[in-house]
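Since the structure comes first, as structure tokens, the remarks are kept for the end.
As written, the chains take the letters A, B, C and D, and residue 1 is the first residue of each chain.
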Amino acid sequence: MKVAIIGATGYGGAELIRILKNHPEVSIHSIHSSSQQGKSIHESYPHLQTVVGHTLEDIDVNKIANEVDLVFTATPSGISSKLVPELLNKGLKVIDLSGDYRLKDTTVYKEWYKKDAGDEHWLSGAVYGLTEWLEEDISDTKLISNPGCFATATLLGLAPLVKNKVIDNHSIIIDAKTGVTGAGRNASAMTHFSETNDNLKIYKVNEHQHTPEIEQVLSNWNTEVSPVTFSTHLIPMTRGIMSTMYADVTKETNIDQLFELYQESYQDNYFVRIKEQGIFPSTKEVLGTNFCDISLAYDERTNRVTVVSVIDNLMKGAAGQAVQNMNKILGIDEKSGLEFVPVYP
Amino acid sequence: MKVAIIGATGYGGAELIRILKNHPEVSIHSIHSSSQQGKSIHESYPHLQTVVGHTLEDIDVNKIANEVDLVFTATPSGISSKLVPELLNKGLKVIDLSGDYRLKDTTVYKEWYKKDAGDEHWLSGAVYGLTEWLEEDISDTKLISNPGCFATATLLGLAPLVKNKVIDNHSIIIDAKTGVTGAGRNASAMTHFSETNDNLKIYKVNEHQHTPEIEQVLSNWNTEVSPVTFSTHLIPMTRGIMSTMYADVTKETNIDQLFELYQESYQDNYFVRIKEQGIFPSTKEVLGTNFCDISLAYDERTNRVTVVSVIDNLMKGAAGQAVQNMNKILGIDEKSGLEFVPVYP
Amino acid sequence: MKVAIIGATGYGGAELIRILKNHPEVSIHSIHSSSQQGKSIHESYPHLQTVVGHTLEDIDVNKIANEVDLVFTATPSGISSKLVPELLNKGLKVIDLSGDYRLKDTTVYKEWYKKDAGDEHWLSGAVYGLTEWLEEDISDTKLISNPGCFATATLLGLAPLVKNKVIDNHSIIIDAKTGVTGAGRNASAMTHFSETNDNLKIYKVNEHQHTPEIEQVLSNWNTEVSPVTFSTHLIPMTRGIMSTMYADVTKETNIDQLFELYQESYQDNYFVRIKEQGIFPSTKEVLGTNFCDISLAYDERTNRVTVVSVIDNLMKGAAGQAVQNMNKILGIDEKSGLEFVPVYP
Amino acid sequence: MKVAIIGATGYGGAELIRILKNHPEVSIHSIHSSSQQGKSIHESYPHLQTVVGHTLEDIDVNKIANEVDLVFTATPSGISSKLVPELLNKGLKVIDLSGDYRLKDTTVYKEWYKKDAGDEHWLSGAVYGLTEWLEEDISDTKLISNPGCFATATLLGLAPLVKNKVIDNHSIIIDAKTGVTGAGRNASAMTHFSETNDNLKIYKVNEHQHTPEIEQVLSNWNTEVSPVTFSTHLIPMTRGIMSTMYADVTKETNIDQLFELYQESYQDNYFVRIKEQGIFPSTKEVLGTNFCDISLAYDERTNRVTVVSVIDNLMKGAAGQAVQNMNKILGIDEKSGLEFVPVYP
């Protein structure tokens, strides 16, 4: 099977290349960029010299449709909503890594993204690709909307509690932390080394655009869930997300039962690893992999649960989950091409 | 005035030296260590070569009492409780940077510190030195118990809300983050560069020994406050603490009123800086100084407040606040010797 | 084919596990540790939970000899020299990652390592495994002595110049830089985050134990080469070595000819990548891979060449090259199990 | 005495503010920026909130000349050469932190800076402000050209050897390393956190614009010195420069004599600290200060000396040395306002 990557010069695109280069059943047919066409990919990413020989091509939808079976659009929000329908109309399958097809309600999109949402036709057909909790067989799906990085870590962490109604629906607080690659490759004050190194910042307090995506899914799982409190912190590290989540427990329970709940919830999911009681995950323990590691604590003094989940934002938070979804579409083992061992330390 | 520093080879001791070296009204008479006596301080800290000429001395309480007016004990918990009474009994004033004299209830101490508390006599006389909220004139106080680093950032952030009964007493959640100097100078897995760099860990979930200290002070301010949820994260940076705090608002309020409350609460406090609305602090903005920078957000969707406070853990979180307390004891300007401009970037 | 790893809890051992877990022709039969036997490997390395199920075993040479074909000894210098002969005497093949079998002259070993060298019998039979420059077929070799990390980066960088007598034999200066994993997993002042982060140190000026190893190989290539100047710097990063090398050019040449020389020298070597003229390598561009990236500059003003070579110290500098050597012994493609794409950024 | 800072929003300007805020004999009268006039300095640098109340002003030369005695121009190369003559013509004294007045030969300037040099009149009158080696009384000097950061570390390290003709004039090799603040505050690929963190790069091999400045001064000291080999490395840290220098020794000497030479050379210089034999400096040991720490090694095997010198690039490499020069002009103690203790760790 042949695929194309559009937006190959961003970090998400580069990570797709890293994964697909060694995928046993899929090959990268072409890579595309709106600005660097005609240049070899290793001009943008010298680490790919001798590894990937592709030259960046412009985005010729007809040509792409003739040559490949599936396209990854690793393009920014606002660009995807213009490009994706063209690709779909040619009969291509698309896995979109932007935020453009995640929110079913276009007014919510506009409120949080400050731009117009995509067309309602394709939006209504898009499947939100939180792979472990897909609610349908996606082998016939045309468009997968790949979840946001923070949303992935958070939703995988909260799912067992929300689906099983263990917690107070009004009490969810999410304190999220990310490495700097989350801000992309463009140079800015946010990504400036001297401003970020050896420093800790909080940003987008109650304003992050992944908030409505998290709330939409939580509501699907349990219509009683209220808006969440969500803030994000910039950690002086390259990759990795940790989501620390707090909620009041309403059911009578204890730490053993909670761990049992999590283990059962994810027992068939290779990529979600529940830690042993008393052991908490760290971001480096999933570096370069598609794993989401989760642990939790229950405080009897406060009757509150603390859930911790970590992912590599470029893998399970972007390219890794996209390939996992591609595997599902192809009907092959979801682990195919994704059996990386974490690069530690 | 002459002072002695006991425990000068730890990071807290070294930071006391950095401050007091240029203090206009106090001089370092002697520095002490239980293990390095006879060695020059620059063998432990080469950066002090030519700056501080002192040789480390052993801890001879009589000699110290004859020569100085006040002692800083930058010694570990469990050591201070043995050493401090000896110093006090000789008539010295003591500012203790350990946890040994912070908790008034010795059973609580034992529960969280896993060792025996200090004597009740000196414990009952000790003043908890959260300088901005001292409840008495300390010019006659013999023993100041200097607050913990997390407790300082957290309590300064929560004080206006708790004292003014703005929030639900059962709803306080504290998500704290620290740089690695918080773990001290001893080499361990926790402080190993290869395990910590480019990594993010959570540790001591609901188990950090600063929890009871925070709860004790909150209860003093408002007896209705319930136990808090408190977790700590290890950030790959050297210095700095950020405390992100969440609570449900019970009073009708808005963001303008909340900022006004904070500005009024701290209008006479040079070392607490309330940011402008919409601007949040970062740890590097207080590096090397005694400042605590605070900002907050109020989410009308959830009726919840998010407070963010940052300090340099070795300064306002340890040595800086200790000197601020010393200034108060001496009856001089609390800023004396502490007017550092942040080292940025 | 089955292999055992002795010293599996060090960083070199853990990296062997990462590689061999997915090796198509070899499986890890057992892993061994002198101190952690009976414990699961994921107690030492939580990132291996669910990935590698092995329990650490003690070092029973007879049992190992009965069960596996080849052993990696990722043990410290001084330990290998005791252990390796026992394994060899049982008929096992050994790839030793320590410094114990690198120096043919036992007095030189003692001078630089400050301990006694291994036995001369096995020493004389050991092959120095700088894979690209192996001087013999190693399919019958019993003992491969895997090169030091600094030696690998340096020798691959200097080989074309020294073998082709382009430079003044007395003029070689090597300014080497390493990430902190080079110092191993033991906690020490050298590996303490607070001492190393945001800091740059030089250490072992003219005293690094890889010096004689470099000189031994250079002398084999060209008997006229004098002792080299070699210093090492500790960079606040986890992995990676850069060797910046300077030498006076004696032949008439120019930058085009020098690049041609390097390209020809390594044209059949997948793992050595010569950069394009004017492009210099960075350590992250080889992260997690067995690549050595090299570039160079020639200054007509000084008639001096500057060669820059980078490796991942745990891969081409340790475990990666060890597996490359294992592949050579097995007579399979040297790339087998090593076709990682760099993890960037 | 009143001073103005032009270019206050760059890192050099911000560091001048940090120093001068607490200077006992000088006050900051006004700060200027070509792009941010009318804004408070704490909009650019939030850490200055409550510390410095100045608003950025435009650059009105007449107004400045009426109000202050001396101006620091922390402006980029190419800008200073236009601005500085205007200021000087109004009778102001100027300390220029750019490269525009460092090179006496305008063709050399053009070759390395790729732009036109400043006017020859003021150029010939400018004094190169390597403070420890000033060759004249500067109390009447109108224009001080403040040295480059790499040049400062390198020249202080080489001075005793070159002035005393200890080394081969053709053998000088300088392997320099810098933190990322050396690249300024503008966001670029070079300063992007994700590209720089946990990474090590070499750049400007034989092409750095500080090369001719180093060579000009070395030639003044000893006309026989040949062009030097000079390369620069980007270290994943915020501040700090280390210059590792290599040269062949021609005089008969030994390590004791060499240390004696360095100690004597700098015995009257507070800001140059010669380490003890066997102890090497690290960049963090001078953080936030005007110190230059130097050590060296002599290898009898190669007859070569290795000199290591470290500075804080924003202090002794820029703003610190600028204030030191200002103190000299004023005829006050060169340490005035500069007695910082290093911020360690």
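Descriptive notes on the structure:
We take it that contacts are C-beta pairs under 8 Å (C-beta built on N, C-alpha and C of every residue); 3 or more make two chains touch, one makes a residue touch a chain.
Every value quoted in this text rests on a predicted model; they were computed, and no experiment measured them.
Summarising the inter-chain layout, the chain whose CA centre lies farthest from the centre of chain C is B. Of the two chain pairs examined here, B-C and A-C, the one linked by more C-beta pairs in contact is A-C.
Work out the mean CA point of chain C and of chain D, and you get 39 Å between them. If you average the Cα atoms of chain A and of chain C, the two centres end up 36 Å apart.
Annotation: 46 Å between the Cα-based centres of chain B and chain C. Of all residues in chain A, those touching 2 or more other chains are 11, 179, 181, 194, 197-198, 236-239, 281-282, 284, 345, listed in ascending order. By the touch criterion given at the top, residues 11, 14, 17-18, 21-22, 45-52, 181, 197-198, 238-239, 270, 273, 275, 279, 281-282, 284-288, 339, 341-345 of chain A touch chain C in their complex. Contacts from chain D toward chain A in the complex involve residues 11, 179-181, 185, 187-189, 191-194, 196-198, 236-238.
Partner chain C is touched in their complex by these residues of chain D: 170, 173, 175, 177, 179, 194-195, 197-203, 205-206, 226-229, 231, 233, 235-240, 242, 244, 246, 280-284, 297, 299, 301-302, 304, 306, 308, 310, 345.
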